[in-house]
Structure formats: structure tokens, C-alpha cells
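So, here come the structures, one by one.
The following pair of complexes shares a single chain, subunit A, combined with subunit B in the former and subunit C in the latter.
== the complex of A and B ==
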């Protein structure tokens, strides 16, 4: 049994948008503590991890563990129908294997979605230690990705003690964005255990950064290792994207 | 050509995308003949350059190879060498068919019987040594290896597949199985529709892969027995035994174990050297070949062969080569993206 209400349809829309950047199918695992999701994209280059603690919902009830598997297209279509001030009610109808989303506003609207069969294996979040952790304005990160994307299909990130540099190049030319710590800088915090440098695909970063809905984002990475980009949702909730690096094979 | 075993062999559909990054040895003659017979105008006239030389094979080879390269497949063309002496009768027979088909084509065309003309023209396809040389030249300028087999190309393709140098052998006939090729791909890169022989209708076909081990297990026979079945049904080296199709042959061989003791079944005496034919399939000469290497296409050389020598449209060739460049760059980008699972 699962039943929850959420006062803000905006939060839900942001969550669905974030899931839709990587996935075609969503696999929620719901317990009394909250809703979680860990999934790789189809090419296995990226992962999304979602944690929505029970506290972000107004009403929340869950007996045991419930797995909810839904198509992203359907979820997106339904969330597009939500009005800004709708209150949402989620219910798992076990007997008919449906996930029900009710929108309470000027009318009471109910969408009942067919559940898909959950995958046999659950994805675990890799435990990766990172050499660099940076907190910066989400907008600064989005702009940096766009800047580098002007000339390049990949983005190189370099970090030393007080500087985070984004670089890219191609036949067309080169681009560089430098963020230094300090007052009035978009880079709020930078911890560098070791000078690091890694390269990531722009197309992934562009999609991921578009779905960043909070003011700031925490970026963690190490040389030639994955990058983790984490931001909060509805205060206590959290969305993390992990992206595998590009490696030079030439 | 080849042996017809489709009634008893099971194949599984596979998409070209699934074949990406795999090396595949292609029976060059088999492919070139397909192009010669199918790339023709409605009245059966093949494509020709301004000097009247046939270019159907080059056109087919060019566009098919590009298609494979764009999908990230690593093709390699294996060319036949000197055929086993036993095949000379079959070769003579094919030559006669071709020559009479040629006569029929001319006649049908004069009399305006377009459909008959096309049929006859297809049967009259001829592959000259100049055409073979040109094909090799075109293939290598595309950066694709071309390997010369001492004898039958399919035997070498099977050897390469067994040794793991390629993932599969690609051919339209079933001889690869007889040569012990673990994996054979049929309909490679033939997309969607194909005209059903002698009709105006089309059927959809897609690439398929035949797993030899699996088929032998399903049929509960050994490869030696499969070769015997093929011999009863007819190979490039012998005519079929009258009244025996694949299913009957399977039954007979399963009952008796081999051709040697089959005469009890009211089958006409087997008057051809079946042991020698068996030997061709079971013990083909082992060949040393160079490790296949794929290189960047030589765009200038390709244009020289197709446009300068054979009057292909420069615009079309250029835009196709441009598409290839883009596709290869994309593949390169995709190849450099690591997988998250490498870091778990």
C-alpha cells in the first residue's frame, strides 16, 4: 500500500523532467522512509539517483516496500496536464496494478497509469571517492556548458586549489571558462584534494544541466573518473547525476 | 549457387545495429554476382559508364560498403581463388546458362518482352577478371581489407570465423555451414524489401544469423552428417539426388548415419565422388592470411575510380562520402565515451 500527497505540482514536474533527461522507463522503490530511484541510461554512460524523503510529502503512508515502474512518456504527458496550483495525490492500486495520480484543483482529475514489470536487477549507486568537490551557482554551470558547447562536443574540467576551469576545443577553435573562489564569485566552495582533470560529453551535460532546478549545484569528480552533479529538490529531496568520462583512445 | 538447406536450418533475425563493431568476412563473389544481377534497368540493361563498361558491381559494392561502415561494422571481402577441379562441371554449366540467357535477353529485348528480358539479363551476369580487380581496388580504397583465398572464399571465411579473427562469415548460400563456420550472417545490409524471384511482389527481409552449433544440436546431427545431407541435396560439386530434398535427406542420414550405407533406400546409385566432395568441405586447405587491417578511406582514390574512370555522378559520390565521414566521426565519439559500469 502506498499513498502520498504533494502540495506542489511544480516540484513533481521538475522531478519528472529530470528523470526524462536520461530514462525511458522509471523504476521507483518506495518504503516508509520515502521514494528512491537509481537507474542507468540505456547506454550505461550516465546514472540518475533520486531521493525523496517522506518529509517532503504532506501525507505519506507506505506499508513494506513498493516497486513502481512507469514509462517516462506517460509520466511526462500526465505531468504536462498539471496546473500550477494543483495538489497531487499518489496512490498505488495493487489489485489492478495501476499507479494513480489525482490532481485536485478546480476539478478533481484522476489519471490511472498501467504499471510495467520492474526489472529483475536493481541498480546500486557506485561508491566513488572524489578528489574534487565544488559548489557553484547552477546557472554558472549551465552557462559554462553552453559556452564550451559553442566549439566542442566535450568539456574538460580542471581543478586546482582555487580555480575551476572548463575547456573545450575542436577544428573550429577553443573556449575556456574560469571560475575562481572569492567573494562575489559564482564558485561558492572548492575543495581539491588533488589537482584533477577529466573530460565529459557535452550532449549529456547539456541535458543534465537543463534539469537543474535549484540555485546551486555540487559537482564532484576525479581525474578520468565519473563526475557527480547533485542538487536539491523541495529542500529535503535530492537528485544526483553521475556521468562516466570520455577517455581518449586515439 | 551453393546448397539449399533453408528448409531445415534455423536462423535468427539480427539488426545491423547489433552487428556494430563486429568484424564480418563477406563472400565477395557471391556479393558481386548479386549486384550484377539485381542492379539493372527494367529491361535488364546493367549500369554502364560512357565507354559501355558495366558498373553495376561497383555501384553496389560502394553503397553497400558505405552502409556497413556507417553502421560501425568492420567488413572484409574474401575473394575466391582457383575453384576445386570438381567444380569445373558446375562452372561449365553456369557458363552455358549465362550464354543462353544472353541470347534470350537480346531476343526478348528486341521483341519488347521487358519482363522476360530482365529475367534473362539477370541470369546472364558475368564477372570478368577486370571487374574483380576493380572491385578489390575500390574496396581497399574504402579502407576495407580484401583477402584472396587460394580456393573457395567461403572456406577461408569459415576458417577466419573459427579462429576468431572475424565474428561471422556473410554469404547468401549455406556452404559456410558445411565449411564449419560457427556463425553465418545472411541478408547482410539488405534493408527491408526484396523482390520475390519472377514475381512483381516484394517481401520484407532482414539480416539473420545462423549459429552452426545450435542448428546441429536442434537437428541432432554432426557436421559430417550435415555435409552428407548437403551432398544428397546437391552442392556446387554435384547434382542433387533425384527425389531427395533437405527434409528427406535429413531423415535418411539420421537413419543411416552417412551416405556410405544409404543405397538400401531405393535411391539411385550415387555416381559421383562423394568422398572427395566431403573432403572439400571438411578439410579445406588451411590458408595463411595477413591480419586484417582497416584504414581511413582514401577519398581521392575513390573519386578517381568511380567518377573519373567510370562516370559516376560526382555530386552523389561526394555527398555519400561526406555522410561516411560524419558517421565515422560520430562512431569515434561514441567509442570514447566510457561506461559507468567500468567504475562500479
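== the complex of A and C ==
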């Protein structure tokens, strides 16, 4: 049994948009503590982790553990029908294997979605240690990705004690974006255990950065290791993306 | 003119056609300067029209086959292809899947027996067909040769022979009258899909494919405007409908393949026929596809490529064109059959010395034949690439240099490598 209400359809839309950047199917695991999701994209180069604690919902009720597997296309289509001030009600109908989304606004609208069969294996949250942690304005990150994307198909991030540098090059030229810590800088915080440098595919970063809905984003990475980009949603909620690095031709 | 007489007789050791320009010219632009076109001359001798056709009446069994031209779209020249012979033999003329073991001259002589009849129709006429179009459509429904009777306005002539996408086309003539003498034999599913005028063409094509209807048959139905919702039915030029069917079926299989688990090894398949080599490499990856095509003009020939990543592509593959869709389909068919997902590289090599334009079907059928065999399996990409290079005469580096998918596979790591 699962039942929850959410006051803001905007939050839900942002969540669905973030899921749609990487996935074709969503696999939610719902417990009494809240809603979570851990999934790799089809190429296994990227991962999305979503945590929505029960507290962000106005009403929340869940007995035991419920797995909900839905097609992203269907979720996106439904969320497009939501009006800005709709109140949302989610219900899991076990007997008919349906997931119900009700929109309460000027009219009461009910969408009932067919559940898919959940995958046998669950992806676990990997425990990766990072050498660099930076907090910066999401907008600054988005712009940096766009800037580097002008000339390059990959983005290299270098970090030392007080600067974070984004680089890219190709036959057409080079691009560089430098962020230094300090007052009025878009880089709020930078902790570097050791100097690090890593390269990531720009097409993934572009998609991921588009779905960043908060003001600031936390970036963590190590040399030639995955990068984690984390931002909050509806205050207590959290979305993080993990992306595997590109390496020089093996 | 004295000059043209000099060019008239090519030197003894020059090939009967020019490797470089014939592919572009297709026998009707005389780019090589040899006049009359040696290809056309060969076609004429193969077709042996003079003895087989007397007068303007053409009585024979159509394979069945229909050709819709693209020139002048949306007012196109279309009509059934009719050989001046009757009987079962005609069926072979529209079955490229049975041609791979034949020689080029055999294929051309089979094909050139067909006379292409032409009449100019607006594409929208498929909504409300005239008697002529109706009979042509009825012919297209049939899966077996159907006796027919055509009256021509002129004696058939060779104009253009080859197209890069369609089957070779024989002599053509404007059509005066066309009549079916026999009832067509229509598979039940074909009847159901074509008579449903509220059913979308895309769904219709997929249904027919799942039912195991010959791909040429589906292409023919789409081309004569028998699929789709009533008000949007139209004639589709044959070369467009070939790629359309490849793409529609490919998209559907792509959707199914995305849900399947990855293969575990690298698979290599290769085959050769009619001057064309096709090598297919399957990699344990998410679905991605790249077609690499090369014409062997000499050392280090240029390789052209088009690719897609796991989401598929939304724009037309404008470099490799029809061959892209014609090889993507067999690759997807194979993956659906083994219920697995993989990243696919297709290497195509064309030897212009042993080649005349036959249409993209050759890539599709060579690939299909290769994929019926057992794969050679390798555990590393390097071993698999070495095996691929054994089939090809152009150095493999030239292919890998331009391949986006290969470079992506080489440089993008997988997250699971970093999980403990």
C-alpha cells in the first residue's frame, strides 16, 4: 500500500525531467522513509540516484516496501498535463497493478498507469571516495558546459587548491573557463585533497546540467574517476548524477 | 563529328566501364565520354528485346512488381513491370534474396526481361484510384506471379538502367492499357492490413513484417499507396519506400532490443558476394550503430560513415544513405533473434571493378546471409578488429579513424568498472 500527496506539481515535473535525461524506464523503491531510485542508463556510463524523504510529501503512507516500475515516456506525458497549481495524489493500486496519479485543481483528474515488471537486479549506490569537492552556482556550471561544448565533445576538469578549471579542445580550437574561490565568485566552496584532473563526455554533461533545478550544485570527482553532481530538490530531497570518465584512447 | 568517332572505340585494355563515374552516371549522363554507354549496350544484349517482343502488346506474368519513379514528384511515372513471358519463372525476378549466388550477368538478364510500363499519376490518386491504378494495386497485393495484359504506346527503350537504391530496371515504355487476367493470390494478413483504412501505415508495416511477409512485398504495398489511413494514402517512389520500410521496421526492432541484456563477447560475421564485402562486428555494449562504407578506388580510399547512439537517430543518414538502413535492419533482426543487445559496427567494401549498381538490397541480403552463420567470438575488441580486417582490403585504420562509435567505445569508460 502506498499513498502520498504533493502540493507542488512543479517539483514533480522537475523530478520527471531529471529521470528522463538518462532513463527509459524508472524503477522506484518506496519504503516508509521515502521514495528512492538508483539506476544506470542504458550505456552504463551514467547513473542517477534520487532520494525523496517522506517529509517532502504532505501526506505519506507506506506499508512495507513497494517497487514501482514505470515507462518514462508515459510519466513525461502525464506530467505535461499538470497545471502549475495542481495538487498531486499518488496511489499504488496493487490488485490491478496500476500506479495512479491524481491532479486536484479546477477539476479532479486521474491517470492510471500500467506498471512494468521490475528488473531482477537492483543497482546499489556505489561507495566512491572523491578527492575534490566543489560547490558552485548551478548556472555557472551550465554555462561552463555550454562554453566548452562550443569547441569540444569532451570536458576536462582540473582542480587545485583554489581554482576549478574547465577545458576543452578539438581541431577547431580550445576553450577554457576558470573559477576561483572568493567573494562574489560563482564558486562557493572548494576542497581539494590533491590536484585532480579528469575528462567527461559533453553530451552527457549537457543533458544532466539541463535538469539541474536548484541554485547550487555540488561536484565531486577524482583524477580519471567518475564525477558526481548533486543538487537538492524540494529542500529535503536530493538528486545526484554519477558519470564515468572518458580516458585517452586505450 | 569526327571527335566522337574517335571516342567511339575504346582501347582494348580499357574496362568496359569507367570505375569512377559509372556509379554516379548510372548509364544516362555519359560522364565517361564513351557513347553509346557500354553498360547500356550490355543491358541491351542481355535483354534480347527484339526477339521477345513484337508489336505493342505485352502479355506475361508480372512477378508481381511495380515501379514508382521519383522524377517529377508529386506527379510520378508509375506502372507495373511485365515480362514478355508467362509462368512461374517470373517470380525470381522480384526476389533479390535468392540472387546472391548468381552472377552479375545472370541477375541483369533476369531483371532486364521486365518491361517497365509508365503512366504519369499524381501521388494523391491512391486515395481514389482510377481503373489503371486499381489494377496495379491489385497486382501489388499478390504474392505470386499474376497473368496480365498490357498495351504500350511505344516500343520499350533503355533509358536509365541503374539506380543506387532500387533493383536494376529494364527497358521502359509508356503505358496505354493494363488489365489483370488472373485473380491475385493475397495472403490473409495483407488483405486485412490493406483493407483497413483507419490503420496507420507504420503499424501496418510492422504487422506485416511480424507476420513474415516478404520485405519486397511490403515495400511494394507501401509504394502503390495501399497502406495507411484512407485520406493520407499516396503513391511512394520505389526508392523512398525501400528505405522507409527498412527504417520503420528497424525503429520498432530498436525499441525491442533496448530492453534486452547485453551480449558477453565480441561477435564477427562477414560475407562477400557480387563485388561487395560486408563485415558486421557486435560489441558487448548498449545499442549503437555505425555504417562505414568504402569504395575501393585505390590505396587509402575514402571511408564514409553515419552513426547513432542508443537513442537512435532522428535525422536522415545523409552520407551512407539507403545502405545505412539496409544494414541496420539485419543487425537488429539478429539481435532480436538471439534476444540480446549489442553495439554494432558494419563495414562495407565495394569493389567497383566487379560491380554495377544493383540497389541497396545487396547489402541487406549479404548481411542477412552472413548473420545466418555462426559468429566468430572474441573476448577483446582488438582480437575482433583483427578478424574484421582479414575480410577487408582497405586497411582497417582508415575505417577506425573516421568511426565515431569506435572512438566512443575506446574512450568512454563504464561506471560498473569503478564499483567495488
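One rule holds in what follows: the second predicted complex is superposed on the first by the 249 of 250 C-alpha atoms of A that agree within 3 Å, B and C clash if a C-alpha of one lies under 4 Å from a C-alpha of the other, contacts with A are read in each partner's own complex, and residues count from 1 in each chain.
Operating definition for what follows: a residue touches a chain if its C-beta (ideal position, glycine included) is under 8 Å from a C-beta of that chain, and two chains touch if they have at least 3 such contacts.
Everything quoted here is computed from the prediction, not taken from an experiment.
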| item | value |
| --- | --- |
| Joint occupancy of subunit A by subunit B and subunit C, clash or fit | clash |
| First, second, both or neither for A:234, with subunit B first and subunit C second | neither |
| Which superposed partner A:24 touches (first subunit B, second subunit C, both, neither) | second |
| Partner chain(s) touched by A:247 [first = subunit B, second = subunit C, both, neither] | both |
| Which superposed partner A:226 touches (first subunit B, second subunit C, both, neither) | both |
| Subunit B versus subunit C as contact partner of A:157, first or second or both or neither | neither |
| Touching partner for A:217 - first (subunit B), second (subunit C), both, neither | neither |
| Subunit B versus subunit C as contact partner of A:42, first or second or both or neither | second |
| Colliding region between subunit B and subunit C, picked from 129-137, 219-227, 237-245 or 273-281 after the shared-chain fit | 273-281 |
| Doubly contacted subunit A residues - partners subunit C and subunit B | 40, 43-47, 124, 126, 128, 201, 225-226, 242-250 |
| Subunit B partner contacts - residues on subunit A that touch it in the complex | 40, 43-47, 124, 126, 128, 153, 201, 225-226, 242-250 |
| Residues of subunit C that touch subunit A when the two form their complex | 258, 285-288, 309-310, 407, 410-420 |
| Interfacial residue positions of subunit B with respect to subunit A in the complex | 332-333, 335-344 |
| Of subunit A, residues touching subunit C in the complex | 24, 40, 42-47, 124, 126-128, 154, 201, 225-226, 242-250 |
